[in-house]
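As written, the chain order gives the labels A, B and C, with residue 1 at the start of each chain.
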C-alpha cells in the first residue's frame, strides 16, 4: 500500500516536467543573460562598472525618489485598504465574486488610458480644479509633481493591496470575534489583537505586489510626471530605448533586482509556511 | 509507464507548439518591407493601398524620438528595410554606412518634390543620394495670445520668469539644447563644450519654471489652457490653432532650427526595388495629400501645395514663408564626443 | 450605533468606488466627444463608434490583444495546473525551491522581466507575435500556479488515490475527481492571467516585433500625438461588455452560494 502511494507521488512529480522545462527556459535563462550583460562591457570584457552605475549621483537620486514614491504609495494603499475591507465585512459584502467584480473591473479599461484620464483630471485646468472652482476653492497645483505620480501609482495598484487583505480578513471566523466581544473587547482591541495579526499574510502579499511595481514603473511617471521627474524605471527604460546602452541598462536592472530581493526578503521573512499563495 | 509516456508527449507538444508559433513569423518573404517611422506619421490607409497596388506587405513599426528609432534600428532585433528619421539622425546613418543609395532612376514621381527641399536636405546628404525629404518645418513657440502680457518674439520669454510654471519645453535633447543655444547666440551644431555647458546652466536654471517636458502632447496642454506657452514643431502649431483660435506661433528672432525628416533605404534591405517602389508611392500626389491631411505638417510635395486653398497656403505653420528659413539652421550630426557630452548634460538636467 | 457604522461604511465604500471609477467615467465621456482633441469638448457624437469598425489598425490590435490573452492564459493553464500538481507532490526542499522560482517573475520588476526576455529572444528567435506570446505565458504561469495551489492543498488527495486503487484509469480519475475540485482555482487563474495579459504594456513593449501591436503599445504610441477617439470608443465597448458578462457571472455564482 505504502509502496503504491509513493509510486503515485513520484509519478505526480513528473507532471511538473513541462513547467520545469519552462522555468529553465524562460525564467532562469533570461536571468543568466541579463546578468551576463550586466557584468560585461561593450567589448565583452568583465566589469563591475555597469552595476556600480546605480551609485552615480544621477541614478542614486532616481533611486531615492523611486523609494519615496514606492514607500508612500504602499503606505497609502494599506491605509485605504483596511477601512475598505472592514467596511465591506461590516456590510456583509462577503461574497468573493462581488469584491472581485468591483476591484478587477477597472483593469478592463486599458491601464495607460486610465493614467491618461488621471492626467486630464489632475492638470492645472483639469476636471478636479474645475470641480473645486464650483466651491470657490483655489485650484490645486499637483500636475507634474510627485503627488500626481503617487496618485497614479496608488490608483493602479490599490486592487493588488485590497484583494489579499480582503481574502485574509474574510477568512477570519466570525465566532472568534464574537467570543472576544463577549469577553468585553472593544472594536479597536478586536482590530489590533485579532484582525490585524490574522490578516498579516494578506498584508505582506499586498506589500510585495504594490511595492515592487511602484518602485519600477516608468509609464505612470512618464505621463503624470510631465518628463520632469524620473523613477529608476525611467532611467533603465531610457538606457535601452534612447541611449542604446544595453550593458548599462542591464547593470541597473540587476542592481534594482538585488535591491528589491533584499527588501522583499526582509518583508517576507515572517511569511508563514503555506500562506505564501495569498493573492485572492 | 503510460504516465511517463504521456508526460514526454506533453513536453514534446509544448516544444512543438512554441516552435510552430515562432516558425510562422520568422524569415522574410520577398514581397515584404519592414518600415520604421515616427508614430502617427503616415496615414495607415496608405499602407493598405500600397499593399493592394503592389502586393508587397508592409510591416510597419513606430518610434517616438530619433534616439529611440536609432536604438530600435541598431539593436538588430528587427532588420528594417526603410527608416524615416530626422536630419541629424539620417546623417549619422549615412556616415555609419547604414544606408544604400536610392535608385532615383526608377522613380516616376520624384519631380513632385520641390528642388529647394532637396537643397535643404543637402545639409546632411550632400549629393541627395540617400534621403528622400518627407516632411519639414520649424521649431518655435506656440502661445496663448489672451494670456501673454507682451508680444512674443524672442526665446527670452521662456527664461525670464514672467511665465514661471506655465512653460512647456521639448522632451528631446537636441531640441531643448537648440532653444538655449539660440538664445545665447550660438550655433545649434556647436562643438564647443563651454557653449554647451553654458546652455546646460541656462536650462538647469530654467527647470523650476518649466511645467513639463513633453513632445507633441505639448500642443494639447496649451490648447486646454494648462500652460501658456510651449516649444513645438510648426505642424503642431497648425493643429493647435485649429482647436483653439487664440493660439499663435512664432519663430523667435534669434533664429531657430529648421528640421527635415527623410526616408532612406537601409543596407539590410534585400530588395531595394520594392523599397524604391514604396518611396515613389509616397511621392505620388494622392498619397502625399492623404499623408499631409493626416499629419498637417509642411510637405515638400509641390503638387500638394498647389492644390491647397488660399487660406491654407497663407498659413505660415503649413507653408513656412521663404524667409522663415533665413536664420534657421538644420541640425547636423555632431562628433561622438560632443554627442556624449550632450547626453550627459541632458541626463543631469532631467535628473535635477 | 450600528446604523451609524453602516452609514460610515457605505460612504467609505462609495469614496473608494468613485476613486476607482472616476477615470473610467472620463474615458467613457471622451468616447462621445466629437472633437479630435481630448482637451476640448466639441459636442456629443456617436461617430467614433461607427468609425471604429472601419479602422483596421485598431481592430487588428484588438484581435492581437485578445488572441494573446486567450492563448497565453490557455497555455499557462496547460502547463501551470500539472505543474502545481507536480510541485505539490515534491518533498519539502524541492517544493520550496520550485515555489521560489515561481515567485521570481512576480517579484521581479516588469521592466527587468521584459528586458531579460528581450535579450534572450534577440539572441535566439526573431521578435514577433510568437515572442510576445512566450513572454505572456511566462508571466501568466505563476499566477495560475498560485491560484490552483491552495485548492490542491485543501483537496483530499487520498480520494484521487482511492479512485485509482479501485481501478479507475488516470483519465477518468482526472476528469471525475481532480478537475471538479480544482475548477474554481483554474477558472480564477485563467481569468487573472487573461486580465493581466490584456492589461500588460511593459513586457509587450520590450518583446514585440515590428508591426505587432497590442492595444497597450498602440495607445502608448498615440500618447504624443493624441489618442485616437476610436480608441476610447473601443475601450468603452470592451468595458461595458465585460461589466455585463461579469454581472451575469456574479449573479449566477451569488445564487449558487445561497
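Rule of thumb we're sticking to: a residue touches a chain if its C-beta (ideal position, glycine included) is under 8 Å from a C-beta of that chain, and two chains touch if they have at least 3 such contacts.
A quick note: this is a predicted structure, and the numbers were derived from the prediction, not measured.
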Most widely separated chain from chain A, with each centre as the mean of CA atoms: B
Two chains sharing the most C-beta contacts: A-C
Whole-Å separation of chain centres (CA-atom averages), chain A against chain C: 16
Whole-Å gap between the CA centroids of chain B and chain C: 35
Touching two or more other chains - residue numbers and ranges from chain C: 38-39, 79, 82, 134, 223
For chain A, residues contacting two or more additional chains: 14-15, 17-18, 22, 240, 246
Set of chain B residues in contact with two or more other chains: 3, 10, 14, 75, 214, 221, 224, 226
Residue numbers on chain C that touch chain B, as the complex places them: 35-40, 56-57, 75, 78-79, 82, 118, 121-122, 125-131, 133-134, 170, 209-211, 221-226
Of all residues in chain B, those that touch chain C in their complex: 2-3, 10, 14, 17-18, 21-22, 24-26, 34-36, 39-40, 44, 48, 58-62, 64, 75-78, 80, 214-217, 220-221, 223-224, 226, 239, 243-244
Contacting residues of chain C [partner chain A, same complex]: 5-6, 8-10, 12-13, 16-17, 19-24, 26-27, 30, 38-39, 79-80, 82-83, 85-90, 98-99, 101-113, 115-117, 119-120, 123, 134-135, 137-138, 141, 143, 145-147, 149-150, 153, 161, 164-165, 188, 192, 195, 198-199, 201-202, 206, 215-216, 219-220, 223, 227, 231-232, 235, 238-239, 242-243, 246-247, 249-250, 253-254, 257
Footprint of chain B on chain A - complex, ascending: 11, 14-15, 17-18, 21-22, 57-59, 61-62, 123-126, 141, 143-144, 226-228, 230, 240-244, 246
Touching residues (chain side chain B, partner chain A) in the complex: 3-4, 7, 10-11, 14-15, 65, 67-68, 70-72, 74-75, 165, 171, 207, 210-214, 221, 224-227, 343, 347-348, 350-351
